[in-house]
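To keep things simple, chains are lettered A, B, C and D as they appear, and every chain counts its residues starting from 1.
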Amino acid sequence: MTDEREPIRVGVLGARGRMGTEACRAVDAADDMELVAMIDQGDGLFSASDAAAQVVVDFTTPDAVMDNLHWCIDQGINVVVGTSGFTEHRLDRVRTWLSHKPQVGVVIAPNFAVGAVLMMEFAARAARFFESVEIIEQHHPKKVDAPSGTALNTASVIAAARVEAGLGDVPDATTDEMDGARGTRVNGIHVHSVRASGLVAHQEVLFGTVGETLTIRHDSYDRASFMPGVLLAIRSAVQRPGLTVGLGALLD
Amino acid sequence: MTDEREPIRVGVLGARGRMGTEACRAVDAADDMELVAMIDQGDGLFSASDAAAQVVVDFTTPDAVMDNLHWCIDQGINVVVGTSGFTEHRLDRVRTWLSHKPQVGVVIAPNFAVGAVLMMEFAARAARFFESVEIIEQHHPKKVDAPSGTALNTASVIAAARVEAGLGDVPDATTDEMDGARGTRVNGIHVHSVRASGLVAHQEVLFGTVGETLTIRHDSYDRASFMPGVLLAIRSAVQRPGLTVGLGALLD
Amino acid sequence: MTDEREPIRVGVLGARGRMGTEACRAVDAADDMELVAMIDQGDGLFSASDAAAQVVVDFTTPDAVMDNLHWCIDQGINVVVGTSGFTEHRLDRVRTWLSHKPQVGVVIAPNFAVGAVLMMEFAARAARFFESVEIIEQHHPKKVDAPSGTALNTASVIAAARVEAGLGDVPDATTDEMDGARGTRVNGIHVHSVRASGLVAHQEVLFGTVGETLTIRHDSYDRASFMPGVLLAIRSAVQRPGLTVGLGALLD
Amino acid sequence: MTDEREPIRVGVLGARGRMGTEACRAVDAADDMELVAMIDQGDGLFSASDAAAQVVVDFTTPDAVMDNLHWCIDQGINVVVGTSGFTEHRLDRVRTWLSHKPQVGVVIAPNFAVGAVLMMEFAARAARFFESVEIIEQHHPKKVDAPSGTALNTASVIAAARVEAGLGDVPDATTDEMDGARGTRVNGIHVHSVRASGLVAHQEVLFGTVGETLTIRHDSYDRASFMPGVLLAIRSAVQRPGLTVGLGALLD
């Protein structure tokens, strides 16, 4: 009983980055958590174990995240990952590591905003009812990757739902395309990445069938919108052994 | 066995109206249906029973629909209703009538477009995660009612989900409002009705919480988009005794 | 010559409010300006004249702004006003005051974001080509007035353009309206005010005619977006005697 | 005087296509025009001259249109062209032909909807105030070319306005792009082409600068929306010798 009321000890990797800074602030402000380690490039991971962190939050880079994850799982530390770049191949490696440490909980989420999580859930649900679907994601022009991790993940859940429903390719009569006009294809789904000053992080999923379209749009105006999801993931990681991909399963 | 392959005998009430005309055309084109009666103002309902209609589709008016429903249920004819104006009070009366004719199936739907049905389902699901929500519906300027039946229904499912989740009023600091600026309130949900030439039938549900919004938008470009839903409702009415409100339950 | 290179001496009224704080920061950061007075409730206006302010920026309240303006004009100080609530009647009073001080420049703008200024310019231009037009403005739920000053101003320029083009009322067959559903009417133009958490400041102007619509939308994500316009207005106020309403005339 | 009241004699090329059919209908319904020739593949152009057509409307294909234009100009017949695919090179050839027939009027328009014409005008005007701009056009999936002619034209007027204003490239930090994600580049402007069932013809131009975006969106719901513009172009062609590109100049 008393144990449950003790704050969760949290370390943050990438603590000086944009998302890491916000995460430190949010953990610090949460009644049920204690920020015990702020780690960035040049710092040793061991300071997380020295500080007896129960959960490590990783907002680093695709290059660094796998080593971090491996080390944390090895140390028996639960992990919440917000870093992008998780392919099915990478997820499999994490599952293998976890098979040797079955008590460790890892939550990997492409997006921590509740609206983005619902957008992906709704996209998966709507997919089988519409012959057409495209994704348009829009971000500030300092973003280095295109498409965004959220767009890749959305395309992947839509594609899976279409396969399950027996839908084939989206209809497309384009024969005369200027290079790139129809976007990139992610598992057969066309994805368009818009970059413009003023924008923050936005995504639109457009479904179409005869005579009607259904659009699901998420707008993030502020990194603060991600923090309730990060805290939810931290609380879940200590109670939910094994790998959880996406916040969807944690919402209910 | 053989019976199941015989076409469903369908009558249409309001057959000369815009939706009725489309419904007649769609029934006529469906392999598993036969259009046996087209009834409009001045025609007697009995021609539906004379023609041995198994299902009557009602696209009439709020004034006429209750009498039509009562008569059809009495005659043991299943009914699909696309006419708007169904309050909880009216639904209760239909339930009472059906209690005396338990074999009759009635499907009442505020909107037959699959995208609109999903929009309402998603709105009900998202409602508890966002402190703010508003509905903006947009139609051609020949529409006589504001808000639309679909908007009223959406507001009602959102309001119910908010009550269940223990959410109170939406935040709103407005103290200086020009009359009507904040729209109408439907069960506490603000609803705005836009009317403009060029538009067909559109609705946006906007959810907001700290730092993010989630928007679900449905666009009907063509009345043809309603017809797959009308045919689905007809097929369901003959197999599903009792009252079904909304197409949601029929999608799966 | 040398004079022109001396920084413009600027005082800010409402200096501790949200917009005032940003304005102080922007003036302070501008090479060609010097922030000489920060004045808020309880401070005397005379500190602006004591500090030899050449321009006073007013981000106060509709209650306070007219007294501030009168005093500044009287003192021969140029003024930039971002406070809302300027009716034609109020503008006339300002013109009268200025007639006795013809060398003083006053710029009153409902919105300092370049995108908002263009939105109003485009709305005025498009108005005569479309029989239908409606305004939907969307803001955070802490806003006290509905509609926004920008929406009122947009409606007013559209209404004037319609009159000039000989257009009558917008088409609208609504006979069955729930109170407020069709929004408020500003000079005959329907205006809808949406309030939701997560939103900042947004406005959509929807024009419609047979078979097509044209939408002009402005999104402010950050008060920072207003500051280039505020600085432009300050520079103009010292060089442009008389009353200027809106930034439109200053853009070119 | 009397001459002016005689109907304009109009021939339509591509008369059995989707746009041609609408054009025939619109000309037929116009009080001040007479439809004197409907010509399609397999018919000879000479039937236009035999019928003494004063204006020929061309809704054919990029392959056929140049021969048609050359022949009409040679015969002294005015032409309105709605066929897409007009490069600067093609326009130069038309100008050369017209230099030998200075009395002939040719109107070439990428889009005849008034809303689309205004969208392009507004895009050209806004371009210099925003460091970022992208175009997203959305059409039904039967369209064969991507981007649309309207998008190409919009990109071209924006690019010209940016050059004139001394703006360089749009900001874009993308270093990790999946092939096509950032769309195609038209004169340096990123253009994205979305194709989905249910859609008709839509385009969004998104401008961005610090803290704000301005979006201009045009929706065509119906080919009928093009016809007022086609009739306007026909009336102009007989009164305005030489080449006119775009309807913009004709609106006022």
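By definition in this document, a residue touches a chain if its C-beta (ideal position, glycine included) is under 8 Å from a C-beta of that chain, and two chains touch if they have at least 3 such contacts.
Chain labels with UniProt names: A, B, C, D = 4-hydroxy-tetrahydrodipicolinate reductase.
Note that the coordinates shown come from a computational prediction; the quantities given were computed from them, not determined experimentally.
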item: Chain pair showing more contacts of the two, C-D and A-D; value: A-D
item: Proportion of interface numbers common to chain B and chain C (over half same, under half different); value: same
item: Where chain C and chain D are represented by their mean Cα positions, the distance between them in whole Å; value: 37
item: Approximate Å spacing (C-alpha centroids) for the pair chain A, chain D; value: 43
item: Contacts with 2+ other chains: residues of chain A; value: 130, 198-199, 207, 209-213, 219, 221, 225
item: Complex contacts: residues of chain D adjacent to chain C; value: 113-116, 118-119, 121-122, 125-126, 129-130, 207, 209-226, 228, 251
item: Chain B residues within the chain D interface of the complex; value: 198-200, 219, 221, 225
item: Touching residues on chain D, where the partner in the complex is chain A; value: 130-134, 136, 138, 141-147, 170-186, 190-199, 206-213
